[in-house]
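Both complexes shown next keep subunit A, but they swap its partner, so subunit B is in the first and subunit C is in the second.
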Partner chain A sequence: MSLVRAESLKAYYITKAYGVERVVKAVDNVTLEVRENEILGIAGESGCGKSTLMKTLLGIVQPPLTVVGGRVVYTVDGKDVDVTAASPQELEGVRWRHVSYVPQGSMNVLNPVRRIKHTFRDFVAHRVQRMSQAELVKWAAEHLKSLGLPPEVLNAYPHQLSGGMKQRVTIALATLLKPKVIFADEPTTALDVIVQRGVIQLLSRIQREEKNSLVLVTHDMGVHAHLTHRIVIMYAGKVIEEGSTAKIFSAPQHPYTQYLIGSLPVIGDKEYRVSAPGNPPRLDRPLTGCRFVDRCPKAMPQCRQAAPALVETGKDHKVACFLVSPEEEKESA
Partner chain B sequence: MHLLKRYIIPRLIQWLVVIFVGVTVAFIVPRLSPLDPVQNTLNRMAVYGLMYPEAVESLRATLEELYGLKGTVFEQYIAFWKRLLTGDFGPSLSVFPTPVIQLILQALPWTIGLLVTSTITAWILGIVIGTLAGVYSESRFSKVLETLVMCISPIPYYIMALTLVLLFAYLIPIFPLAGGAAIGLRPSFSWTFISSVLKHGFLPAFSLVIISMGWYFLSQKALTSTLVASDFVTYARIAAVPRRTILYRYLIRNSLLPQATDLALGLGSVFGGALITEVVFSYPGIGQVLNTAIFQGDFNLMMGIIILSVVGIATGALIIDLLYPLLDPRVRYH
Partner chain C sequence: MPEQASLLSVKELSRVFILRSGLTRTRIAAVNRVSFELAAGRPEIFSIVGESGSGKSTLARMLLGLLEPSEGKIIYKGRDVTAIRRRRDRLAFMKEVQPVFQNPFDTFNPLKKVETYLYETVYNFGMTDNVREADRIIDDALRAAGLSLVEVKGRYPNELSGGQLQRAAVARALITQPSLIIADEPVSMMDASLRMSVVNLFKELKERLGVTVIYITHDLATAYYVSDRIVVMLRGNVVEQGPVEKVLAAPLHPYTRLLKESVPKPDPKDKWEGEVKLATSEGVEYARAGCKFAGRCPYVQDACIREAPPDVEFDGRIVKCHRVEEIASGTAQPAQNGSAPPEALRSPKAGSQAG
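Up next, the complex of A and B:
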């Protein structure tokens, strides 16, 4: 059963300056689902639209970002909530209870003039039935303890904590109410590898214990290999391949994914790693055909005329490439 | 103890140094001027009739003694500090021999009442409206307000003050034209006196509020729009933290840090008086006294006001420095 669904989602950055409209198609016709009890990885290089996709999935759409087509649906207690059409009040109701969010490790997401316990209160007090300050602090302290943080953290100010501790605090904030889906945007970026491992282990432990779903956006393929069950590979605003982590790493089908996996270093292997030549296309120009065509070693004439559709090629494996299936992408309004 | 040694004492020393330098400059500057107050007085007296040279010489000596201009500059400087530390600013030269301190003390309550009230009112209004305009920067209300402030702020203060006087005291006489209270009223805690003070003080206070509020409004709006886009406000919004909490605890609380400094310096400068306001509205405060002192070449009075103003601003900065750790936890630990 799916908890979060994106249906032919299109989210563009639309800006206007001196009457000239500029449209960046950051998320272009993306369909995916987050299932129950899984860790879904969203991978791709910088600028491929993965953060924009996550913002849209979370319902944080603010100009210049505009949803021009498709929709995002949450399944909350068996009922569907259309996030793209929901009122701010409805969204506030599902946030943190149904979906929550762990921001990038490098950001200053904690109010610098507020003690951690007060931040906890700000985030959850209005969502729980009558709870005294003391009870709330006790609850938060127990939760922090289970995440490996001393309860004294609650009395500290953000500047007194290390980067790793701050990231654990944000994970604690996002998991306190036991939401069904947790979105994590580059949670390990800007942390050193030791702290990274701690954060990754923590996230996977929480997922195992709570049986909730985790959506992990990162460009770090190592993190994906360690943590995720399924991976969605994005390229230039589109999903080009989707499948179980084992399949993606062992038998990638899209030429881009093949380059991506092929570029990963392997211990003991001294062979030179080939990377895809060239750069991704500019997303503010009109694009037809496959987005990867200019860098693809197996490009065919057909690839320039139409974009390939994302089709199922095996159990739990979808690829958008004419080498695999001749089906063309249907342009939905 | 640690806090005292590491935080408070260095700031007290800094405060003393600032005052020392300020007072020294206030001492030196008039002595660099080509005007000689003793000679000025002698000239004034000479107009009334001829004097014997011996009488002129003895008068000069007496005046030099009185004005604190006896001996070398260094001796004068020492004597100046001695008098200052006992609270003696010397006699006023224009209303001789009334002590300067007495003139200042007479005018001070008026100025403090007027400027403290208007500064605090402008500060609070500017912050509240500025924050709202920063949060709802896309709303029509906010845009209209900003345009209005942009139009009013650049009007030179004296023109606006004069316009207000013309409009509301002369053409439509709702408010009195001049003074701090009705003539003949003795200061007391009676309703007649208080209402008279309020009525006289309204226009000058209003003009000051409008001018300084514009600045607080614009700076607060700029601060808020930066904060609105900051990581921690964005995150709190995503987490659907109640709007009131975000407004008070996240936006206003964080923008108060620079604004508190502004307020403290604004309150510190109260002791310098509001020269133009008090002249235009004929308000009996420090600014009015300073105006008289400048036109009459009353050095002692000018120096008295300058020193008071130096002490005021330095003390304002000291107080905010001492309070800052309470406002910003990041300053508490070094």
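Up next, the complex of A and C:
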């Protein structure tokens, strides 16, 4: 069963300056679902629309970002909630309880002049029925303890904590109300390897214990290999491959995914590695055909005329490439 | 050691920062007695790796002459760089040693065209006064970095991708035909595919132009991929240094081992086992008298907590550890209770002395 669904989602950045309209198609016809009890990874280069997709899935859509087509649906207690059409009050009702969010660079989201326990208080003040300070500290301490963090941090100010500790406190905040789905946007990007390992361990432990779902956006394929169950590969605003983590790493089918996996350096192997040549296309120009065609070593004439559809090629494995399937993408309204 | 044979020789370099708050003073040795040597005429890629807060960037800033060392010497081609006072000598040194910084979008002013910086570098270092000659020098440098003047001319930083911009930053550094490039986290803002293209560029510079590169990073996988020798830093101290094939492929210091183990391998079948212990606060580790890693080390002994470990030469590398020989031979027993002594959460002030 799915908890969050995106159906033919199109989210564009539309700006107007001096009468010139500029449209950046950051998320272009994306369909995906977040299932129960899974860790879903979203991978791709910077600028491929990962973060925009996440914002749209969370319903944080503010101009110039506009949802042009499609919709996002949450399944809350068996009922569907259309997030793209929901009122702010309805969204407030599902946020943090049904879906929560660990933002990018989240070690800087803690208020520097307030102790951690006051940040916890600010966070729950409007969301939970009134409770005394002592009750709240007890609750927060228990929650931190269950995540393996020292409850003493509640009395600390953010500057007294290391980057990894701040990041884990932010994760503790996001999981306090036991959400069904946690969205994490590059949760480990600014961290060092050892701290990153600690944060990954924390995330997978929460998922294991709570049996909720985690959506992890990062460009680090190593993190995906360690944490996720399924991976969605994005390129220039589109999903180009989707499948189980084991499949994506052992038998990637899209040429871009093959580059992505093949270019990763490994300690103990000094063999020369090539990355995909060239640059991704500009998303503010009209694009026809496959987005990867200019960098693809196996490009065919057909690839320039129409975009390939994302088709199922095996159990839980979908690819959008004419080498795999001749089906063209249908333009939905 | 004959001075002529070395390109850059760093001797017992230290930098101490003093943090004052109220009446207490905390002394933080961001770089503590670091020594290494780069040979002349033998270009190499020399990596400095460590966590954030390990003193990597402080070391880089001292090498570039942007920060004065508290103690120690930096000798470049037989000359003490820290003693340079005259502007002309300073300029000659800057011409030889060029930086590449972390985030290319911060390096270039968004309101100026990218080429402005390239021309400025040409004129400021007196490469030429002739515009056409300047064009040629810039084009050569850009081509060495995989770009060309036609691609860059007239464009603002936002019109280039991150990878192109970082290449332009490398090209700018190449204009003065330096012998040494110091790249401080040049790929940490980039994703995997761009990372490899920049890292491959360094490899090319070394092989084709004979430039020595000091590559500062926390990405161990690319460090292993490009470098010849490596230095691992922890809280201002070099804990292990030597050829990369030894230090990263078969690390001896427990910290290097932990670092290597913690790099997530891009292989879903090879996942971590066991939980990792994290430092709660950097200040506590900096203030520790003995080995800075004692709070997290599985092999910790009383001696590790009491006194700083010596530099031990072992198996072609230098390791800062009391128990390196036992660890290498596999006879070292982990601490009795299986984990290091508990480290209470303390503020960085806890280890300070009243001043």
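What we mean here is this: the second predicted complex is superposed on the first by the 326 of 333 C-alpha atoms of A that agree within 3 Å, B and C clash if a C-alpha of one lies under 4 Å from a C-alpha of the other, contacts with A are read in each partner's own complex, and residues count from 1 in each chain.
Methods note: contacts are C-beta pairs under 8 Å (C-beta built on N, C-alpha and C of every residue); 3 or more make two chains touch, one makes a residue touch a chain.
Because the structure is a prediction, the values reported are computed rather than measured.
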Of the two partners subunit B and subunit C, more of subunit A gets touched by chain C
Determine, under the contact definition given at the top, whether A:194 touches first (subunit B), second (subunit C), both, or neither.
second
_Touched partner set for A:284, first subunit B, second subunit C, both or neither_ = neither
Next on the checklist: For A:249 in the superposed arrangement: first (subunit B), second (subunit C), both or neither?
Outcome noted: second
Which holds for A:223: it touches subunit B only (first), subunit C only (second), both, or neither? second
First (subunit B), second (subunit C), both or neither touched by A:160: both
Considering only the touch criterion stated at the top, classify A:270 as touching first (subunit B), second (subunit C), both, or neither. second
Request  = Using the touch definition from the top, say if A:101 reaches subunit B (first), subunit C (second), both or neither.
outcome  = first
Both partners, subunit B and subunit C, contact subunit A at residues 160
Counting only contacts in the complex, subunit B reaches subunit A at residues 230-232, 234-242, 245, 249-250, 253-254, 257, 327-330, 333
In the complex, subunit A touches subunit C at residues 45-47, 148, 150, 152-153, 156, 160-165, 192-198, 200-201, 219-223, 225-226, 245-246, 249, 259-261, 263-268, 270, 272-276, 279-280
Note: in the complex, subunit A contacts subunit B through residues 58, 60, 91-93, 95-96, 100-101, 103, 107-114, 118, 122-123, 126, 157, 159-160, 170, 173
Residue positions on subunit C within touch of subunit A in the complex are 51-53, 161-164, 190-197, 199-200, 218, 220-222, 224-225, 248-249, 258-260, 262-272, 275-276, 278-282, 344-345, 347-348
